[in-house]
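You will see two complexes here that share subunit A, one where it goes with subunit B and one where it goes with subunit C.
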Partner chain A sequence: MNLKAVSSSFKQQGIQFLADPQWIIPSIIAPFLFTVVALYMYSGVGDIDSPVVLTAVLGGGVLGMWGNMLFASGFTITYDRYNGTIEPIMLTPTHLIDVITGRSIWNTLIGLLNAVLVFVSAELIFGVGVSVAEPLFFFPMLIMTLFSLASIGLMLSALFVLTRASFVVMTILEFPIYVFSGALFPVSVLGGLAPISYVLAPSWGVDALKTTAVHGHESMTEFGIAFSLAMMLFLMLVYIAAAYILFRVIERNIRESGTLVRY
Partner chain B sequence: MGLLFIPHCDSDPMAVPECPIIVEHLSKTFKARRRSGLPDKKAVDDISFSVKKGEIFGLLGPNGAGKTTTIKMLSTLLIPDSGTVKILGMDVTVSGNEKEIRKRINLVSGGERGLYYRLTGRQNLKFFSNLYNIDKKKQDGLIDDLLRTVELSDAADVRVEDYSRGMKQRMHIARALVNDPEILYLDEPTIGLDPEIARDVRILIRRLADSGTTILLTTHYMHEAEELCGRIMIISKGRSAGYGTVAELKETVRDTNIIEIITNDDPHHAVVKISGDVSYSNTERSGGRYCTRIQLKDKADILPRLNTIFSEYGIRKIGYDEPTLEDIYLSLVSEDES
Partner chain C sequence: MTFFSERAGVIKASCILSIRDTFTTIRPSLWFLQLIVPTIFAMFFFSMIAYAAGADQEFVIIGNAVQSIGMTTIYAVSGIPGVQKHIGTMTPLVISPSGLFSIFFGMSLFSIAAGFLSIAFSLTFAAFVFGVSMASINLLSVVIIILLTAFSVGGISMMIGSIGIYMRTSAIIANIATYIGLVLCGVNFPVSDLPAWVQKIAYCHPLTYAVEATRGAISGSSVTDLAEPIIIMIFLGILFIILAYLMFLFFEKLSRKKGRMDVF
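Then we have the complex of A and B:
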């Protein structure tokens, strides 16, 4: 891995992000809307300070982070295709995945900003008390969940290299995480489809987040939290390994087919 | 009909090869999209050539002839279907070689795309120099040198979106020089540039070659190819239509005559009348007059007949002329197309 390329891609993504106002939509407006939707969905369940509402805010936050991550992963490749910069990148000895990794790290930080925005808007606009029960567990778990989303984004970005219909793919891929991550409702309601959520790293994070955030929520023991963290780490490594393999296969494939620069 | 001349080249990868580029029987076919109903497109069909160290080699041909596909195969962006491509002694088809090759080559494409518009010129160069893993301590000095070379020092900290077309093209060249490439592929580097900037780019290309960089150039401008290139390959429909020095290529039309006729009016109908006797003809309007260049199929003297046919268009000048590279190009391409 070329660490200079990773760090340079991180900076480049940051400069482009700040220079382009359209990023405000997925990074600020979308997470805010997710919070609003989540709060209205759960407004009938209990009063505004109930743990259920805080759970809803967390769910909205996770979905906001995912939407941003997916959009950023897809857009970064699409932009390079459209802009004609994909060829100069491919022409260098650096693997494309190193460039995407740097950009994904930036996107992860923006995801963190999303989460903060969700909490702040819930607190300031809707008056939801966002006091975290176990901050020592909660915040590392939040960051890990975020990285787990980024690792899925990294894996999917290989597919975005392959397809020109990245915006369609992005839209399609947004919903499975809504359903299977347990962000908005418990995975148990999925019945026979619940096992799908076990292969999604964020699902493990979401449960642990709820446990560590909400006072009196006892759905998981400390062992359960540690196990969730371990599963999330394991799945992240699987995703990253899969991303590396996919990128190598796809790079070879596009060099054979000559489809890299079609837009 | 092309001259096939491949100089003896040392292909030992450990040595600095005499010919950094060796291409033998190279072919590439693009598969048509499923359900498009179109046939597969053979973009490059059995071409062979080699380029010596420090040489500027020209690849000429009409749009869609296979020039860019060839350059992409030589720069590892595409994998050939068949044939051999050795770059600096390394086979491009061997998996893993592409990384080593990419460290030592670079490519400039003509056109507006290929730079990050929201980044400044300096930020673009910094980004790409990191992708080439260039030592951080060397980067600042290198980038300043490159900006000076392409005369963009004053615009170094201006966003590329505010650059003119010519500035962007010079930035492309600077970007392609960040890794100090031993081989530089230039795909129509002066397209769309005004004559003054195009001349500056040509001077820069010549300087790079003089410093030992091997250059493969594609261009539609014949004067540019004639001015810069030691040897030229003309390709048409993916095949080699001619190969050699400009003098060698001129030899291929020595058995025919070139006639230039300058008229006041458009002699289109006259050209149609004589189409059976000519290999190709080309009429261009310049300064309110029409200049028609005709290549005859043989040395038959049809000047009196042409005088009669063209007289109604107001002949200002008629006579035999020496073949130019453009005549050879048009002759070879039209012959191949027919």
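Then we have the complex of A and C:
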């Protein structure tokens, strides 16, 4: 991996974002409104500061992170196509995955801001009282969950390179992660579909996150938070390895076919 | 007469071009997937929250079937000016002798029709995938309600889209408009659960009547029984189209004056 290219693309993505920071707003609207809906629906279950409501707010934060990650991953190549910068990127000796990795790390940091915005909005509007059970473990876990989402984003970026209809693909992929991550409801309610959640790193991240935040949270397995953390890390490595292979194959194919610039 | 036939020609040409443009960029199969996958997952997602919260799942599934018009019509129509700016076609459109309203109205027709399809498919999924009982359904009422929903929601979407002519981007407003129905319009919980002042806003949105009337039609209510929401949707649809026309004139003039046509 070319670390200089990674840090440069990180810096470039940051400069682009700061030039027009309003783009964070669209990716927090849907997760925030979903959290509001969940809060209204769960308000029948208990008081506004009950664990189930705290779970909803945490889940909303995760949705915020995913929304940002998905759209940032999709647009990262799409905008290069629009702006005519994809050809210079492909002409440099740097591999595409190095450029995308730097950008993804920036998007990950913004995703964290996204989650915090959802927490703060819920607190200000509903007075939910986001007080976590184990703050020392909560924040590292939040960041780990965010990186697990970023690893999916990295893998998807490779696919977004292939398609000129990235917005359509983003729209299709947005809800499945909302559903299977178990962010706003326990994975157990999915019944026969629950195994899909087990192969998603963010599901384990959400589980670990809720364990550190909510008193009395029932974990996905009986093995507790260490197992959830291990599963998340393992799946993240699998996604990153898959992304690396995909990028290499796709990069070679698009150079041969000459279809990259088409949109 | 010539004026109206010219306008009709512009609307028709814009509509045909937008359809060709859509299917040149994406394959029909992918377009269809985009129409149905988010809808099915949204219904599933909110019905699971309802299940976990002990709320009425059928209420939520029908509500989200109607709300599926959000992405297909509200987001698509309100985002049209932003897209034109992004791909660099806004200036040629402004220079052409046709008014922007006629052009964007024509471009919107396909998304409005897609909204009709989206609700129709979603209600079919509600019955066959989610097991919502359609035993008492009044089909005529449902068809009329879906048509009116697409029409009235199309009007409000064009109003929102007109702002995009002046603003750098309409994406923020389009996102809010797309998803606000989930909270305001009785999609997932009754409107009566909202604070009183929010309820007043909810009843200015055609989707509130659409959701209410669809639930009624599925329970067997006839067109006559649903006369009140139907009349209100017709009224709101006409009102929003007139307002959209006036807003297009206003923002077009303002953007020409301030030179903001190409700012994005």
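Here is the rule we go by: the second predicted complex is superposed on the first by the 245 of 263 C-alpha atoms of A that agree within 3 Å, B and C clash if a C-alpha of one lies under 4 Å from a C-alpha of the other, contacts with A are read in each partner's own complex, and residues count from 1 in each chain.
The working rule: contacts are C-beta pairs under 8 Å (C-beta built on N, C-alpha and C of every residue); 3 or more make two chains touch, one makes a residue touch a chain.
For clarity, every value in this text was computed on a predicted model and none was experimentally measured.
Overlay on subunit A: subunit B and subunit C fit together in the combined arrangement.
Of the two partner chains placed by superposition, only subunit B is touched by A:4; subunit C is not. Of the two partner chains, subunit B is the only one touched by A:19; subunit C is not. Judged by the touch definition given at the top, the superposed model places A:204 against neither subunit B nor subunit C. Touch criterion met: A:36 reaches subunit C, while subunit B stays clear of it. With both structures placed on the common chain, the touch criterion links A:252 to subunit B but leaves subunit C unconnected.
Put simply, the three-chain overlay gives an angle of 80° at subunit A, taking C-alpha centres for subunit B and subunit C and rounding to the nearest 10. Shared-chain residue A:178: touches subunit C; no touch with subunit B. In the superposed model, A:168 makes contact with subunit C only, not with subunit B. In the superposition on chain A, no contact is made by A:75 with either subunit B or subunit C.
By the touch criterion defined above, A:137 lies against neither subunit B nor subunit C after alignment on the C-alpha atoms of chain A. The overlay of the two complexes leaves subunit B and subunit C separated by a minimum Cα distance of 10 Å. Shared contact residues of subunit A, touching subunit B in one structure and subunit C in the other, are absent. By the touch criterion given at the top, residues 28, 30-31, 69, 72, 75-79, 95, 99-100, 102-103, 105-107, 109, 111-119, 123, 126-128, 130-134, 136, 159, 175, 179 of subunit B touch subunit A in their complex.
If you check the complex, the residues on subunit A that touch subunit C are 22-23, 25-26, 29-30, 33-34, 36-38, 40-42, 44-45, 52, 82, 164-165, 168, 171-172, 174-176, 178-179, 184-186, 189-190, 263.
Residue ranges of subunit A in contact with subunit B, taken from their complex: 2, 4-5, 7-9, 11-12, 15-16, 19-20, 83-85, 87-94, 99, 252, 255-258, 260.
Within the complex formed with subunit A, the subunit C residues making contact are 25-27, 30-31, 33-34, 37-38, 41-42, 44-46, 48-55, 71, 86-87, 168-169, 171-172, 175-176, 178-180, 182-183, 188-189, 193.
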